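One structure is given below, represented as structure tokens, and several questions about it will come after.
Which chain is which? They are A, B, C, D, E, F, G and H, in the order written, and residues in each are numbered from 1.
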Amino acid sequence: MAAHEVTLDFHRTERIGFDEAIFSQGKSVEQLTHILETAKGRGASLLLTRLSAAQLEGLPARLRDALDYEPVSRTAYFGPLPRPEGPARVAIVAAGSSDAHVTREVARTLRYLGVGSTSFVDVGVAGLWRVLDRVEEIRQHPVVVVVAGMDAALPTVVGGLVGSVIIGVPSSNGYGVAEGGHSALNSMLASCAPGVAVMNIDNGYGAACAALRVLRAIDRK
Amino acid sequence: MAAHEVTLDFHRTERIGFDEAIFSQGKSVEQLTHILETAKGRGASLLLTRLSAAQLEGLPARLRDALDYEPVSRTAYFGPLPRPEGPARVAIVAAGSSDAHVTREVARTLRYLGVGSTSFVDVGVAGLWRVLDRVEEIRQHPVVVVVAGMDAALPTVVGGLVGSVIIGVPSSNGYGVAEGGHSALNSMLASCAPGVAVMNIDNGYGAACAALRVLRAIDRK
Amino acid sequence: MAAHEVTLDFHRTERIGFDEAIFSQGKSVEQLTHILETAKGRGASLLLTRLSAAQLEGLPARLRDALDYEPVSRTAYFGPLPRPEGPARVAIVAAGSSDAHVTREVARTLRYLGVGSTSFVDVGVAGLWRVLDRVEEIRQHPVVVVVAGMDAALPTVVGGLVGSVIIGVPSSNGYGVAEGGHSALNSMLASCAPGVAVMNIDNGYGAACAALRVLRAIDRK
Amino acid sequence: MAAHEVTLDFHRTERIGFDEAIFSQGKSVEQLTHILETAKGRGASLLLTRLSAAQLEGLPARLRDALDYEPVSRTAYFGPLPRPEGPARVAIVAAGSSDAHVTREVARTLRYLGVGSTSFVDVGVAGLWRVLDRVEEIRQHPVVVVVAGMDAALPTVVGGLVGSVIIGVPSSNGYGVAEGGHSALNSMLASCAPGVAVMNIDNGYGAACAALRVLRAIDRK
Amino acid sequence: MAAHEVTLDFHRTERIGFDEAIFSQGKSVEQLTHILETAKGRGASLLLTRLSAAQLEGLPARLRDALDYEPVSRTAYFGPLPRPEGPARVAIVAAGSSDAHVTREVARTLRYLGVGSTSFVDVGVAGLWRVLDRVEEIRQHPVVVVVAGMDAALPTVVGGLVGSVIIGVPSSNGYGVAEGGHSALNSMLASCAPGVAVMNIDNGYGAACAALRVLRAIDRK
Amino acid sequence: MAAHEVTLDFHRTERIGFDEAIFSQGKSVEQLTHILETAKGRGASLLLTRLSAAQLEGLPARLRDALDYEPVSRTAYFGPLPRPEGPARVAIVAAGSSDAHVTREVARTLRYLGVGSTSFVDVGVAGLWRVLDRVEEIRQHPVVVVVAGMDAALPTVVGGLVGSVIIGVPSSNGYGVAEGGHSALNSMLASCAPGVAVMNIDNGYGAACAALRVLRAIDRK
Amino acid sequence: MAAHEVTLDFHRTERIGFDEAIFSQGKSVEQLTHILETAKGRGASLLLTRLSAAQLEGLPARLRDALDYEPVSRTAYFGPLPRPEGPARVAIVAAGSSDAHVTREVARTLRYLGVGSTSFVDVGVAGLWRVLDRVEEIRQHPVVVVVAGMDAALPTVVGGLVGSVIIGVPSSNGYGVAEGGHSALNSMLASCAPGVAVMNIDNGYGAACAALRVLRAIDRK
Amino acid sequence: MAAHEVTLDFHRTERIGFDEAIFSQGKSVEQLTHILETAKGRGASLLLTRLSAAQLEGLPARLRDALDYEPVSRTAYFGPLPRPEGPARVAIVAAGSSDAHVTREVARTLRYLGVGSTSFVDVGVAGLWRVLDRVEEIRQHPVVVVVAGMDAALPTVVGGLVGSVIIGVPSSNGYGVAEGGHSALNSMLASCAPGVAVMNIDNGYGAACAALRVLRAIDRK
């Protein structure tokens, strides 16, 4: 049975321009080990997302030591990264430092894909001037990823001030009606600022991929 | 059975400082007629909320003609109103003209209670400078009622800029995830601006009563 | 009160590159009339969305006749449209003809914004070769808007085959668990294809604006 | 009280063609011990589902050692299994290795019932050719169990390509809107492929029983 | 645009053994007319589901008169039906006459597919002997479709007594917590009888297709 | 098919002490006519619940005229009622006249079953003395049915003051979070007063049946 | 502050016939200690519900040793119990041994109140004859408490066969759509058997109190 | 990246009259350490909310020892507090000692803001006289914060008896339908007492800020 359970997709890059990341949640240590060994055998690099500390601990030392792991985002790099492109083309804007598990997943996925980013975090709407002060800088980036939990008012404010592509990522951080990020998700979907596109809750990886699709479209021009 | 079904509460004013409004939704024309006749017999004034056009049409002409009805808010006054107090002490701030069914219920309930209000409507967050331009005016009012649907980012922006009492009222106007006002409600409850107090969806009447409680507390000083 | 209730935002274009559409749902005929008269006085064009047949009927004949109304999408143009740009740059892909209320809102909003589009509709996943046959054509467009209701498997299939920017719009058409479009929305948010960005249910207008943001980013290059 | 709390149903086979499994979740170690002792006394075989590692540890060593336990599916066999029938008649198709907790429950329950199965796992729709490559093989099985989490597009794709009986099992693996498997469940119920029948989230045991009902109907012919 | 919006799938029979039905909900009269004219031109028969009386009225008389319409199930046949096969092989079991909108959709879809059925309706569990009296008859059918609303206890009772393939269809008829059929759906998914497979709420069409998949598997033997 | 669709249960009285009511919602006029003709032929009395005005109008005049219909509760009696028993043994307590659709269904079902009741309506908790004034009277009844919508605080207050059997019925009347009666239902289920038993939203018929079960238990003593 | 935080209600018995239990969930060890010391000082007995093993461990040994604790139901008796009344008057019927956390809370609360009960557990509907075999015995009890999780078909079956007072208690045991007991709760509320009254999920304590209200009404006769 | 992630807002007091609290949930120990060091460097005081015991333990001893931590409310003071104002102006009313995690957050936040409060806890509605006995005392406070879980009947009772400003805070303590506090939240929003304003579940901090807004409005008079 094992042979079928893990089949890496090494041809995705040809089709859509970037390769597959390993979604580690729900995978056993055996499956992860098999994946890493396979990539190693082919000399391929990998991005692992949602890799828990417990999963990391369970890996054989030779594989664990080969990983560049960041615990807040729970991401790991395996193998060499591409040389980064020129100036940062993605702005990562966040309402608070409590959303770092998402903002770092965005930044690290972009880095894995060779894309630079600038972080603007702790610029929540309740202190409006904090984001107003940075609008000109944010506007320089063709893509703006906005991460926010709770009431998620930030994408509406940014989307009303900046004409760049806006990608909203709801954060699960919150309590009461905000627990799990559903109120933030719904706020973003219902945003009064036109053209805010939204990802699943905590899906920083997906936001980076969506940003890459935009950058590839620009580059293809 | 009929005698028990409608018992007006004419002593509420003594206890909490204002009398009972008639919540008309779900009441039959016979019940409404009985209520109005009873009030007439006692020379009492009444505020009717959520009175549909169909209910209004069903009333006997002599009662219908005695009502001051406003169709967007579906409110009606019966009997004379108190002389209004001095300058407006409540600001009514709304994201869009689509929320007029709520903003007018707030304004008309306040007027019934003898309280003046100023309306600041169509100052949605997607066009941020619209609300920024009015902040100084809004700040002059000890109580600010903020009505918003969809993503309801407005109470967070106002609550972060103004130190007055902030009462949020979610509006049911919207579609998709915003349909029925639940996303707006959750946004307001999860607001990052500290101390935003929230009413039920479309509850303009309740917001006016909450505002009155604050004004009475100020006056009692 | 009326003067405050409708304030058009004629400066949005300067900020984010396109002007404000009029969300008609929940607006009274009086408010819509005021909006159209104001635009007329300034010689401005307008896009009205979610304009019901009943609202249209209620407008004064001189305004109604000046509108270019499409009943399935419930959109109307007021005033002249821009000359369309060159070849179509947005593909509109849909699972079935039952989703025309959304696909046409996308196409007509894009046309209002001067952007051409190509429609690929009735290419649902249950008949997989229908979409496979069109993949090469779809791939020619830098932006692909995918509209789907029910299980919304289409964005995942397209997103796995095409490297363009993918914008998913859930359709409310369905019954049982699919009623209102929430199952389609959640499917799109949870898509296994990386980088699918999602709009609110039935939000064809928003998808067109998101597409425009991408096209402007390409053009700014 | 204890005597009434656990009453095994040894006559079910006569009625519906297969005997009762022990749903272990929520049962105390005392109850499980009593069940196993009773089965032992009658020389009966048993399938235990949702048996946690902690419950297993709590059992007396003589019983624990008699169990054939598989930790990912949390299933255990007690007593001898039937000799397997001829060629595999059930295909188990899954979107990813993260769903192994379900696919293995299906395979092991079928094995307990004497039915062979073939596993096709990690054939998710985002890499469409992976499933297309296997369609002919899958089609050889009269029953196809499709396990999928997240957007659960797989049953729609398979159901549109294969005329066999299709039984969908949503997997709880996921995050954000996909957490707990509800989005996958709704996608399967709303599948555009006609005649996809659905089980409760993670109910691999039930899928195997449904498959057996079909195989018995075929065999009765 | 119109040419793309309706593309009938006349090759589905080759793939999965039965052709496409027309899901009429959300389609315009123009689209339905186009579909019927196309089928007419090819001499094809069609099944239309969820065709409202208003849609029927809107069709040109020549097409409307050619339809065999049943208003409770809102289904219509266009063109000749296949000669029915031998004895009924599907039992349709329902808790009450209030569920006739579903039971008739099952029966009429099966008839369209050439399959005979026997109806056992108004055998709800609250009067348990009603279903017990019919168990032997029900058991003669290889496939049993059980339709139930409210608490949906019927599939559990039938599934515990009969070894045939059991397909549950929740009915939307009900009020309070049962409104829309979600409580019935969840009851069926959580059924304590092993191997009950479930369709979307009110999806009689899908249940008939699932039944056909089973009968084809039997016939292929 | 018709013969099976409506099977009246004339033996229920022997089993559980009262006969079957006809739940009219979702039944066609043909089905209702058949039910009434059957009852007439047997000389049986019937209670019809949730009979809409439209259904009533559709019945043949000879049957319609034989019905004793009450429009607020949408109940109808067919045939003679039993002679009422002695003093009222059920108290019906309600928060407001807006809940009359439920309170009257309770009272009329009890009357159909031969049980007298006393109504205490418009005794909502917001005017606490209204219910306090009636506590001694309410306490005289062995069963108290409490109907309430919105926040449903009344059952908790009554249940803390009265030792009788308390049966709560949530009313669907309300708006915003209270729409449909779910907040009232949850309040009653979570009541801090011990031993409040709850019925489905708007289920006045069921509350009357539950009351009858208690009275029969008392009478059997 | 502490003095106000715990105020025992020693007068409840006079009002409603039974005294207050201590709901331990969410209380600190300090609060529980204070409650027990107070009761000890007054020579009062107490029932503690939802007392976790961790809370028990935290209590001073002199108090812990004075408690009669049952870990499955998480209930504890403090002080002497009343002499039990005569024959058992409450039947406790349950679908499976997995619901023992509820059935034991019912039985132990009744014992605390001096009421005897008979347990009929593991009589689930999927093996219908198990409950049919016991119907005559169950019927001897004036009150029947039915505990069920998952699809909760049992109360409908019992309620259709037995004329006693039926009190349903949903159990939280389950997975997928049944997780947390909400599907069981809704099934019970929507039961087709007339007059089934329902308690909150897992509220065995409340069911016992409701039973006591009925028994007191019988005894008062 | 770190420099941007934590930006304290030391100018909020000028705008809205009170400074920012630190919402600790989701922050890493590194972030909290940075925040405390920054405040220390400026000689500023801080209020930390939702600071878990684990976070506290992780802080460097020199910072941990400088915190005045209260474990039930999970709040901590850093730096000196203002001298308290005169008599208590806020009443904190709660249904039970199980809600102490909220009532203490209210009291401690008020104390941080220099405002005195009086606590009235364990005055739940099921024992109605407990709250009736304290009404006169409660009424002396211009602001009344009512904390309640489960059915949350208390704000309605208090709001109907007291004319002060009423701020409701739902408590998450409960089980079944009350789990997480959503039923309490909805009860408060749907309160029949006019003018009850509501905060997010467990948001004692927000209630204190709302109370402060009222007191500042009184003081500004």
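FYI, contacts are C-beta pairs under 8 Å (C-beta built on N, C-alpha and C of every residue); 3 or more make two chains touch, one makes a residue touch a chain.
Nothing here was measured: the structure is a model prediction, and the numbers come from that model.
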| item | value |
| --- | --- |
| Shared interface numbering between chain G and chain E [over half = same, under half = different] | same |
| Most distant chain from chain A, judged by the mean position of its C-alpha atoms | F |
| Winner on C-beta contact pairs when D-G is weighed against F-G | F-G |
| Averaged-CA centre spacing for the pair chain G and chain B, given as whole angstrom | 44 |
| Distance between chain centroids, defined by C-alpha means - chain E, chain H (Å) | 55 |
| Distance between the centres, which are taken as Cα means, of chain C and chain B, whole angstrom | 34 |
| Junction residues of chain B, two or more chains touched | 20, 96, 127, 159-161, 176-178, 182, 185, 189-190, 194, 200-201, 203 |
| Pairs of chains found to touch, sorted by chain label | A-B, A-C, A-D, A-H, B-C, B-F, B-H, C-D, C-E, D-E, D-G, E-F, E-G, F-G, F-H, G-H |
| In the complex, chain F residues that touch chain H | 95-96, 124-128, 150-153, 156-157, 159-161, 174, 176-178, 182-194 |
| Chain G residues touching chain D - in the complex, by the definition given at the top | 72, 96-101, 104, 107, 119-123, 127, 130, 173, 175-179 |
| Interfacial residue positions of chain G with respect to chain F in the complex | 15-18, 21, 142-143, 159-167, 185, 189-190, 194-201, 203, 205-206, 208-214, 216-218, 220-221 |
| Contacting residues of chain F [partner chain E, same complex] | 1, 4-7, 9, 12, 20, 23, 25-28, 31, 50, 170, 172, 180-182, 185, 200-203 |
